Amino acid sequence: MVVKEELLKKTQAYYCLDCGKCTSVCPISRFNGGFSPRRILIGSLTGRYEETLKDEKLYTCLTCGLCGTRCPSDVKFVEFIKSSRFEGQKLGNLVPCSHGGAIQSLMRIMTSPSLEQRRLDWVPRGAQVAEKGEVAYFVGCLPYFDAFFTDLEVNSLKIAKAAMKILNRADVEPVLLKNERCCGHDLLWAGDLDNFKKLAEHNINAIEESGAKTVITTCAECYRTFKIDYPTYIGPLSFKVLHITEFLIDSVSQGKLNFKKTRKKVTFQDPCRLGRHLGMYDQPRMVLSSVPGLSLVEMERNQQSAICCGTSGWMNCDAISKRIQSYRLKSAQQTGADSLVTGCPKCYIHFKCAMKDPKMGKELEIEIKDLTSIMADALGR
Amino acid sequence: MAIERSESDELRIGVFVCYCGLNISGTVDCEAVAEYAQGLKDVVAASTNRYTCSEPGQQEIKNDIKEHNLNRVVVASCSPRMHEPTFRVACQEAGLNPYLLEMVNLREHCSWVHIHEPEKATEKAKDMVRMGVSRARFLQPQIEKEVPVARSTMVIGGGIAGIQASLDLANAGYQVYLIEKKPSIGGVMAQIDKTFPTMDCSI
Amino acid sequence: MTDVGRHPRIELMTLSEVADVQGYIGNFRVKVLRKARYVDEKECTACGDCIDICPVIKPNEFDLGLSTRRAIYQPFPQAVPAAFALNMEECLGNNPIACGKCLEKCEKECIDYDMQDEEVEIKVGTIIVATGMDVYDPTELDEFGYTRFENVITSLEFERLINSGGPTEGHLIRPTDWQLPKRVAFIQCIGSRSEKRGNPYCSNVCCMNTIKDSLLIKDHWPEVEIKVFYMDIRAFGKGFEDLYKRSKANGVMYIRGIPGDIREDPETKNLILLAEDSNSGKVVEHEADMVILSIGLIPSAENSLIRQLLTLSRTSDGFFMEAHPKLQPVDAPTKGVFFAGCAESPKDIKDSVTQASAAASRANILMSAGKFTVEAITSLINEELCKACGVCARVCPYHAIEFDKEKKLPARVIEASCAGCGTCGAECAFDAVIMRHFTDQQILGQVEAILEENPQDKVVVFACNWCSYAGADFAGISRLQYPSSIRIIRTMCSGRVDENFVLHAFKLGAPVVLVSGCHFADCHYINANRWTQKRVEKLWDKLEKKGIRPERLQLEWISAAEGLKFAKVMKEMEELRQGVTLEEIEYTRKEL
Amino acid sequence: MAKKKKQEEFEPKIVVFACNWCSYAGADTAGVSKIQYPHNVRLIRVMCSGRVNPAFVIKAFERGADGVMVSGCHFGDCHYMFGNYQAKERFEVLKSLIHLLGLEKERLRLEWVSAAEGGRFAQVVKEFVEDVKKVGRSPLALTNI
Amino acid sequence: MAEEADFKCLRCGHQFKAPYSPKDEPQERACPQCGSNSVRRIKEKAKGK
């Protein structure tokens, strides 16, 4: 099978110089010598694309984009993988989903139009929520994660509650969508374009019905999906999408929010989606720096060179993932920071999980906080 | 509009359609084009040739200029960017001002780009020849002027290339001005230790 | 080098810049700004007394900051002219109450704080552009840690370190501990062959430079372990392959794979490189004491000014564009100007010298002939029709039209300066400009010939000689197929396309007209195509006012290399043509 | 009303995960004893109720099951000591997920049935089918057909 | 901040915004959708009509 011309053009795959910079930085390759982005690409280009599509390695890639930052030829490897997964889906590939594919099933369930979810039970009693309004807060899968990962005690809904606190404090009464669906990120990256589109359309309709002109999200993946994938696969959006960090920057600069003094030292995990996919490195750091007394120490590999949290799209969570996570957590410990701040609920969950490891867990322990929560906690009077 | 042609100047246009081997004739019916050209106003001679740019091809132009007393020449062959100078010389050798030549680009702009539509290409070729003839009617002799060239040169940059060029020209007897931005000449070359492939000193 | 200094027919002007160039082939008038040296170049014997006493210490640029120099200095020992120079911005002496120590010390009294910059005018017949190149700054390639890690240096810095005239007197040391590095790693293609950061082209010299450097190290210190990380080794020149083999025979390890990441061991300051050996497919960590980034060459920063002054153009890589890449590789598009060395493309010393001699020879041909035949395709003013409005003079990219505003006399063309673009002819509202060999009549004659029969089936395309017409030729050469409805009219420049040509075509029933020319950066006539754009914009407005769809007039920039684009655009033109109704054409005929 | 009409015709599709040692054997007992129970159930044998990954249950719903029952040994009887405790824990997760998705709690059931309880198996199944019939067709079944 | 103006592609009809100032030299423009250079600035007046 020959790689389609369209894909070659879109991803510049044929520009590959075979230099191997991608493989030498790839977090998977570091722990799994059998995995090499370069070889996947070169193999595909030299007439073995079919093999690539059938190979489980197609789903091993974290699509974290670190290879892309190094590539001299600007080969869009992540795009190559994503598009190839669409092809794989057509061939009926069995995607190696973690958790038995339960999460993907949940997402596919959500494509059903007649679903009437009860996803807002978490909303704190005092929170000010609007039925219709200018601003909507897109919660994402947090309620489901909390239900699903009870054994990890992730309590990721803290993030949602924190977001409500921040929004309300900045005099915003957000609309919460009763029937919002998963943004579709994970289905898209597993190659299931059809169901992704269904979810996307549900969400776009729900937001348009709510009358919101601005949608705020606390999830790096939702943000990328709204920002890049919805316009690509669905069409231009009639509303603006903001990551909570952008909202925070605006509110702080307008003097709507202020923070208590603290003496905490934190380090920040750049989520792939926010950082390398969207180039948002400075915004989270700006937000953190607006807390007086909060000091940020960087891990050895940060921003463009940050290492992924080890799993992506609830696929292929294996021993390699754990090793990446423990490597990352150790880097965080080495900074001497009190807490590791994450910018994506998935990173948060994955690290939490790594620390639950009965053998290694204790060695890896460090306080983890999501960016939104740490900001909400720091809010002053 | 300026420069009217004087009435007495009777137009005698010759059209030469080139086969370019099969490059043109493989698509365009050159004979039909020449025949069509023959029927155009002011055209007194139209012919085809297998390779107009060849020595015999050029000779035919020269002969026709003399025989038919041509005062405009239209060559329908390849791009003027390729052979305009060739045919200009041919005209000049036959005593015609080289600027009274017009070229029609049948090869690059017709036969090669419409390989699968020979009929339409032939129609287009006719149109193109008509365009060429139409323009040729208004061509005027031009005279190329000469300007003196001063026997001095300026070399901008005193690196290895600038130094070499300066020395060559100065040794040939010209005055050379070597302009260098830095306090010394030498450029990057002077910073390098040994140089490949001979591994000797750079300065 | 010293030959230059003492040659009787070479006037060496250092610390000088070209300020202005007027005139044309054979007759250039050049203004050169000679900056003050503050030291009498002829008197100074470079004795060095002044240096010993100068209190100002600055990084030495020649050693790339690896050593220091004073405010009064000689760039390097073999400098030509062998005179010192004083950097007045750094000198304290300029200040009346301050230093002045060198002035006292100089026995020959050749230091003069009051020396002034001067402007010199020279007249030359030919110009050789040898502005050279700059080297790539790898700081932006953060993964290699240049500037973050002290023991990561560039190949040019390495040259200074291993040079016996350099700051270490040729002893190879690494910056952190001044010890001989035991393990050295070279990384190739830094800033070269890169689409994203750096430059897309191959810099030509770096492979051989590294091979040479590896041998230099091995010659002096055979025990040093050398690893070269590369993508391809390009050793194509005479004697190059031998050198490559020698390097390998000396034990230099060539590893196919570029490191994606370098870390520094905070204690030893050693560097840990992570690279995939693409032959084995294994990712391996390599530890090195010193890393040398084999940096590429980039166009000289000087180029943009010279380009403007001499009306040159650049290729997409930023180096100067030659008149023809194969057949006139040392000629500039501007006549009488030639290229030598890296100004035109990255090259090694041998190639630079070869090209320099070629450029000298090309210039020699002109100068020994003593005369040159200029372009016959120039413009001419019909003085009877000229209303002395001055538009032609304003739009001329070459300032080849003289026009006196006060006296209101008809404009006059300086033929030797005129390059023949025809923009003046297109802009003149009174048809007072006669564009030789591309007269209005000639072009209108072609328009009429196209539209004589079945005008509704034809697309009229105006194409400039240098780019779009050549692009059409390229489409032909590549056998790219496009619809046969296309009729091309050649003009020297898209700037020649008069409003009248377009309107006349529409009046005669043309469904679609395309005006095409060079991309903005490539215009053969400096910037004449800016006027094309303005004119087309005006025409769109005009057409719309008359109720004619402006879409029927199209504009496209197509370069000589864009045969594919030409064919694509022609297909689009045909699609547009099919969308134009007979009623529309009829309406247009009446309206115009 | 239309809905009622539908209910009359409605025959739910029910997936039962049954552990090899108790519930599956219970179903066998029901069969041996010719105890009648509704035809709507489809039995999937697992070695232990602890084997029932929540993903299985969710997948069943995704594909349009109207109800899913997990059944295993009584506490203390587990052939694998504590497998059924695991099942219980997982069931809680499933309950909250079903709740979030807006599905009726009647659609999901956890039962302990021993090998001897053939009658009980039939009874439980009957009850469950009745309950599911009451809540009607799964909204997912409606769209996924 | 850079001034912006509305542009329309006369090839594919795509409308878009791009930096523009009447003071600037003319620039080479291309339609972000189809790549055509037939890009026309839509002037304020025309919009009002």
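Each chain carries a letter (A, B, C, D and E) given by its place in the written order, and its residues are counted from 1.
Assume a residue touches a chain if its C-beta (ideal position, glycine included) is under 8 Å from a C-beta of that chain, and two chains touch if they have at least 3 such contacts.
Worth saying up front: this structure is predicted, and the values here are computed from it rather than measured.
Taking subunit A out in thought, with all other chains where they are, the connected groups by touch are B, C, E | D. Comparing the centres of all chains, each the average of its CA atoms, the largest separation from subunit B belongs to D.
By the count of C-beta pairs in contact, the leading chain pair is B-C. Using the mean of the Cα atoms as each chain's centre, the chain most removed from subunit E is D.
Separating the centre of subunit A from that of subunit B, both taken as means of CA atoms, is a distance of 62 Å. Rounded to whole angstrom units, the spacing between the C-alpha centres of subunit A and subunit D is 35.
Separating the CA-averaged centres of subunit B and subunit C is a span of 27 Å.
Taking the mean of the C-alpha atoms as each chain's centre, subunit D and subunit E sit 64 Å apart. All chain pairs that touch, listed by label, are A-C, A-D, B-C, C-E. Per the touch definition, subunit D reaches subunit A in the complex via residues 53-56, 58-59, 61-62, 89, 92-93, 96-97, 99-102, 139-140, 142-144. By the touch criterion given at the top, residues 10-11, 25-28, 36-41, 46 of subunit E touch subunit C in their complex.
Only residues 99-102, 105-106, 108-119, 143-144, 147-148, 150-151 of subunit A touch subunit D when the two sit together in their complex. Contact residues on subunit C toward subunit E in their complex (touch as defined above): 519-521, 530, 533-534, 537, 540, 544, 550-551, 553-557, 569, 572, 576.
Touching subunit A in their complex are the following residues of subunit C: 142-143, 189, 193-198, 231, 256-261, 263, 274-278, 281-283.
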